[in-house]
Each structure stands twice: as C-alpha cells, then as structure tokens.
C-alpha cells in the first residue's frame, strides 16, 4: 500500500496531531478525536457541529473556524464517529443556545448522531439536526437508506455557520441548512477506486478504459460502469443527471462546486468546470458563485463530483459572509 | 489514460477556459495562454510575473491576484512558456516601474524567460529576474543545470507580490525574492509516477513497495529508489536532507510548507506535517507559519515535498500581508 | 448459561471477528466501504479488554449490557449502533440480577435484540442486512430452545449461515450496499456474515 | 542547396519528428519529463504551416531564420530556444540574399548553429545533450564538404548517429537528466536523438 502512514489504525489520530500542530486557532483533542474552534463555546451563539468518517479531508476539520463549523468530530476512515465523541464535541460548542448537528445521510452517521443527540438532551443541550442527502446518483425512496450526503455538505456548513455567527437561533440555522440541502444536487464519476489504509488495496478494480458513474465518497462502486469518454461528455452526463433529478429552475442563480475526489489534479477540475459552467449556462442557470478544488474527497480516488445549489439572495449573502478556516477563507 | 480531458493537446487551453469562467477577477487570454489580474497594469506598481510548464496547479495561475502575482504564463504541460507569451504577460503587467520575473531553475524556463526579458528590454520594459533553485535533492554545481525550483516558488511569489503591492521598487522586490530563495530548501518523495496527458502512461514504473527519493515536479525519476518506509522515517529523511543542505540556523523562525504532489490526500499530508513539525522543533527551528496542502504539484503524482524557509521579521510580515488569489487567500 | 459462559461467548465472538476481520472487510469492499471487519475488530478488542479488566459481573445480563455499551462507544458506522443496541437489549431483557439464565430466557432476550436492531435500523427481512441472518437465527433458537442451550445454539448458527448465504441473491435496500442498487446482487452481506459469526461462536462455546 | 531543397529539408525534419514523436517522448520519459517529441512535433508542425503559407523566401538563409523563429515561439522548454536559436544562427550565417549555397557555406552555417547552441545552453561535449550529436555531425560535415553536399550530409548523419548512441553511457550534466545524476547512465539522450533526425533528414533529401 502506497501511503504516507505509520500504523494504519493510527492514521486519524496522527493526522489530527498534524492538524493541531498546523492550526493554532483550533483546539484539537486527539484522544476524543474532536476539532474545536479555539473560542468555543461562545455564550449565546448556536454551536454548529459536523462530523463523519475520515478520508474526506478537508471535510470536516478543515471547515472549523470563524463563520463555519464550531467543531468537527472525525471518525475512523469511512466510519462515522461514535456517540460519546459527538457528545463531547456537542458539549464543547454549547453556548446555551443549542447545537446544530450537520449529518450526512448514511445509516451509520444517522444512528450515531441520533444517539448522541439523545445523550445531549439528557445533559440539557438542545440539538437540531440537518440531514444532507444531495447525491442524486442514488434514487430517493422511503424503502431504502435514501440518498447520500456528499458535496452539498460544504455549502450547508458554510451557510449554517454564517447564520449562527450572525446570531440566529437554532431553529433558523437548521432550517437554512435544510433549505440548502433541498435546493442542492450532486453527482460523481470516478476513474479509479480508492485505497483505505486498513484495507491496503483498492476497493474495486477498474480497467484502464472504464469509469464508474454515480459513485459516492466511500470507495464504493457506482451505479454503473461505462467506457471512459471525453471530459465534455462526462460533464454533460453529470449536469443532465443533476438537472433531471431536482427542479433547479431556469432563470435562478446557483452556487456550483466542481470537486475533486482526491486524486484528480486541479488542471482537470478547471477543465471540467469550464464544461459544466457552459452547460449550466445553456440550461438557463446563472452561476453566481463557484468553487473548484478538492473539498469533499474520497482519499486518493481519481474522480470528480459536481454540486449545484439553487441560491436565493439569503443563501448568497451567507455564502459571501466572512469565513476563516483552514480550507475556506475569505472576507477576513 | 484516466483523465478528464477532451484532446490531450488542448488541455492547457481548455483548463484556462475553466479558470476564466471561475474567476471573474482574473483576465485570461486563452490564445496567448496568460492569466492577468483584472486591474493590471497598475501605474507605478512593479509587475510580478511567474510562469512555467503547466501541471503544477495551483502554481502559478492560482496565485494571481491582489498581493501576489500580477500575471502567470502557463506553458504546455511540463514545458516552459515561450518568449512571445512571456513578453505578452510582461507587457500586460508593466505599470512603468519594471517587471519582476520569477523563474524556476530549469534549462528551458531560464532560456525562454531570458529571451523574453531581452524582447521586453527592446520594448523599453525593465525586467529583473529571480531564479528559484531550492530543491536540495539535486547537488548544486556550476558544471550542471544546478538545483531545480520547486516548493519555495510559492513563498517567493507571496513575498515579492506583497512587497510590490506595498509599492517597493523592482530591485527591492527582486532582492527579497532572491533572499527567500537562498534561505529556502525543499526535498520531495514520490510513491507513484505521474501521467502527462500527451504521454498517456506513467513516466516510470514503481513497484508497490518502493518509493522514489528526491524527485522533482516533472515526473522525472528521483535520485534513488528505496523500499517504502513509515511516514515517520520518510519525514526524518526529508528533514535531514533539508537541514543538511542549507544552514537554517537553530533558533531561527521558519515558514514550512508540507506540499502534496497532486495524488496524495490531505489526511496523509497532515500526518506528515505533524512528524515534520516535531522534527524541526527538535532541531531548534521555530515554525512560525505553515501551509499544508496541494500547492506545487506534479499532475496526479502521489508524493509530497517539504519546504523550509528561514524567515526574518520582514519575510514574515510580507507573508502575512493580505492576499486574494484563487488558491491563497487571507487578510482580505 | 452462567456469567462465565456468557463471557466465553463474547470472547469467542472477539476471537472469530479478529480471525475473520480481513474476510469481513473484503466482503464490505465489494458492496460497501471496506471497513466492517476493522470496525468490529476494534469494537470487540475493546469489549474483551473491558470485560477482563472489570470485576466479574454478578449477572449474565450485565455482561451483554457492558458488551453493547462498549460497542456503541468504540465501533461507529452502522455496525456499532446496531450490534451495540442489540447486546444492550439482550442484556436488559434477561432477568435482572440473575447469575444463570436458561435457553428459553436467552431466546426471549435474543428476540428483544432483534427487535432493537429493527427498530433502530428499520430493516425488514430481505433488505440484505444483519436482520437476514439474525431473524432466522432467533426463530431457530426459539424453536429448539426446549432441547437445551447447545441444541438451540447449533440450530441458530445453522439458520444464521443459511440466512447469510441467502443475502447473496438479494438487492440491498438498506445500508451502503443499497447505493449500488441491482449491482449489489451476487455479493454476500458483510453484516449478515458477522451475525453468523456471533451465533456460530455461541454454538462453539455451548457445544 | 537552393531554396526548394532547404524547404524539403525542413519538411523532411517535420515528417521525421512527427513519425518519431512517440519514440522521442518515450526517451524523454526515462530521464526527463516525457515531452520532447510532443514539443518538437508541435514546433515543426507550426514551421511547416508557416513555410507553406508564406511566399517562397528569396534566400536559403531566410528559410532557416523563419524556421528558427517559429520554433522559438512554438516549442518552449529547452528544445525550443536551442533548436530555434540554432536554425536562426544557421540562417543568419549563410550569405545574405543568396538563393543557393554550397556545401562549404552550409558547413560554416552549421558550425555557427552549434556555437549558438553552446553559447545559449553552456553544454560541452560529454554533457549528454544535443551537442553530443550536433558536434560530431558538424565536424564530419566540414571534413566531407569538398566532396559535395550529399556526401557531407551522409557523413554528418552517420556521425550524429554515433554521437547519439554515445550519449547512452554518459552521465548527464545539463538539462533535466542531470537531476538523475548517475541514474541517467544507460539511457539515450532525447535531444541528441532528435539532432540525429535533423541530420538524417538532410542526408535523405540530398541523396
């Protein structure tokens, strides 16, 4: 296995040690595996907390800081955090105004956050949850686990974080997060599988001329496999899937994320962004804001996802609000 | 070949189209292949320009903006830009106070920039050049091409850009850049080779349990090949090579960059940063500032480089100065 | 089953999970995220440590509650809450304070564990989950309970194995494998497989 | 050599470079950055276009100056300035305005091209570069010049081939291959190889 690691089972803790060394404005509890804003808890401010399996960096630890998350609780690689850990993070950011949990829709994440919310309630902390399920590669259904949470998580975290920073109440913060989620759709394509440190080998084999369509961010295979095609056609397929699945009305404004899954170089992501922006323009959407880079990753997977969020004036205002985190920074 | 591209020979231009679509505060000339700050040229301000082969994104185009580069001229993948192109960029940022070229020490880059500087002189534009040659994996010698320019380029660009923004004269800007270069050392290790779109296959084969030590950022093999070792030992070897090659005196402050070569996930880079910071601390250096991420890349190569720059108060002040570019942003 | 036997069961599960960790992870790699074996192994290693460091519990139920609580706080993912809640429910359904329980009582408790899993995860038979091995196992255990613990345990293990194998042909509707839709067919469910290990361990220690 | 022959030579180089582009890139992949064939092919494609679109130049020298100027502005990397400067120097060293040049005059011009390459790149023989094929080629050309262009060109091509093969054993001291130090031994230099193509093309069109 080709990785810069010492002991596969210590990767998350050792990476957190690096985060602690690198970012003096974060408080990192390596044992509990939580990353907290140095000034948390802020009395009267709603705490915004997110978490999930590791391996998606900079999500979530890289988004802790002014104007975004108050804390992140990274689980083991691709494994949701455990209730105790989430509770500890919840307590660390509780300023008396309640805490909002941002939870990606995976069975494990949902159950562990649910248990943590119950434990927090026992401690007198009010928790609101925002469930993110933006990945339209998966069909929505009450009979299944439903859609996965992927790229839109970043937008939900940015918008809720900005609203909480501005002093909004927990209900309003959670409602804004849910609104962003409802108005967002994502779709991903992979060119290679990723390798978890524990497994030590790629999750699946993909011939040199094939791609996986509709993958998630956990190294799982996608919905189907196809022959590799030019970037332009992949972009078209992606945009079509997104616009086909959610009513992102023509004439509206959008925040667009062209996201690398970890192993795809920026030059390809920009090339894709050019294609995606042109296609969305043709469909009548105005791209008001964009982000191109590796933000919601799947370890070393070569691949990309596109997220489109229909954005009204409030969402754009919150998106533009100052943010100072390791991975996202503007206005301060 | 597993890449999101359309036509291998059009990758750079098509990626520039994406850059143009994504960043409204940059002016992109796709035909000439130059990226320029929207407000350039600024009368009386020294223009700071950098360029080199593509494939190292976000270097250099991602560092164009307030407080850093005024323009970048990306060549084809791993191929230095041509004199006409560099001249066009030089003219685009000439505000009458001269232009500083930041040139990484590669035969091709040096010659093409040299020719462009001569053409610029013919047009009455004074050009100063800062040569970056920080890669201590290569031995320094007047009989060879000398050391390569790698990670320190980012620090040179940041510091010169800040100084030019503050209104300094061309000589002072160039001198500061050269000082950063002299006080910087870098060393890189790769776990895989990279694949250029034109070649379509990896530059070299590397068995699953081996690494290349002392690689550059152009997919070339390194100085030697060894069995893969734990991250801790790789970090130690890297820090040793850096401290052994340049007198970065104990007791001084440093800017440290732990940089991914494109295919290495952030979780590994943070893990490495933890190791590197501890080792530098033991050696008596105080890490005053750091950057962890993919900044000076080699397409999809899995690997990392460490750059240490001994930083005095002036360098730190210029490092901290406001910057607003696609890939580096703070203070504004 | 007395306290010692309860502890042996848990120890046997821990040993089986450790031995089969790579296999479980490999199954999870095909239709999930390649961590099921790693997760359970981390959890049961912690359980084994917790049980051996703590004073001998007075009641059989306490062994299982402790097991479940430890799993919840160490495993994460889907398996942590599901197995954790199951063992906590099993422990709590046993007669409070009893230092021995009979097969019928254990059958009731196992049924309570299944109910807890289904309440938490909302999976029904045929969804290609833990439930597809756990459900048949409990039914077989209950049916054979009057023939004694050893017989009931062996029947449960066999039924779990059969349920596990039946997941191969199922289209997943819960858990990560559900994202694959029809592509999940042809792969054995990792969670159903670890459930079989749990019941096989019971058969082994009661033999 | 008249203007038409000069153009044929450049056309033959362009054809050879196009045909051998993958091979050149492959050589550059072993000890460089895998772009030499791509770079030269882009350059000579542009040269061919420039020469065919422009009006027939009046002088032989103009063909080479145009070739060099186009290479400088299209190739980039090390090869662009080096080959570009070489052809510009060759063109400028030929008698101004002459529509035909003899072998001796061409020999002088080729020597001027070599000098320009060495002035720009500072490589000396043995550094594992273009110079190691170009140097022997010019020397052989000069020596055979009085026997006429065809003979001189053939001698130059043979010497270039020998010089090219000799680079295999050299440790690179210039260009990217120098970063590999001793690991550059055992690989033929891409630039020396393309230089051989240049002289072989001359031999082919003058045969």
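Lettered A, B, C and D in written order, each chain numbered from 1.
As a convention for this text, contacts are C-beta pairs under 8 Å (C-beta built on N, C-alpha and C of every residue); 3 or more make two chains touch, one makes a residue touch a chain.
The UniProt protein names, listed by chain, are A, B = Dihydroxyacetone kinase subunit DhaK; C, D = Dihydroxyacetone kinase subunit DhaL.
These numbers come from a predicted model, not from an experiment.
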| item | value |
| --- | --- |
| Chain of greatest Cα-centre distance to subunit B | C |
| Separation of mean Cα positions, subunit D and subunit C [Å, integer] | 74 |
| Whole-Å gap separating subunit B and subunit C, where each centre is the average of the chain's CA atoms | 54 |
| Subunit B and subunit D, separation of their C-alpha mean positions in angstrom | 32 |
| Residues of subunit B engaged with two or more neighbouring chains | 77 |
| Chain contact topology (line, ring, star, complete or other) | line |
| Interchain contacts, given as pairs of chains that touch | A-B, A-C, B-D |
| Interfacial residue positions of subunit B with respect to subunit D in the complex | 9, 53, 75-84, 106-108, 111-112, 115, 137-139, 143-145, 148, 196, 198-199, 203-204, 216, 218-224 |
| Residues of subunit B defined as touching subunit A within the complex | 1-7, 11-12, 14-22, 54-55, 57-58, 62, 77, 191-192, 208, 211, 228, 230-232, 234, 262-275, 277-278, 287, 290, 292, 294, 297, 299-300, 302, 304, 324, 326, 329-332 |
| Partner subunit A, residues of subunit C touching it in the complex | 25-26, 29-35, 38-39, 42, 72-82, 120-121, 173-176, 178-181, 183 |
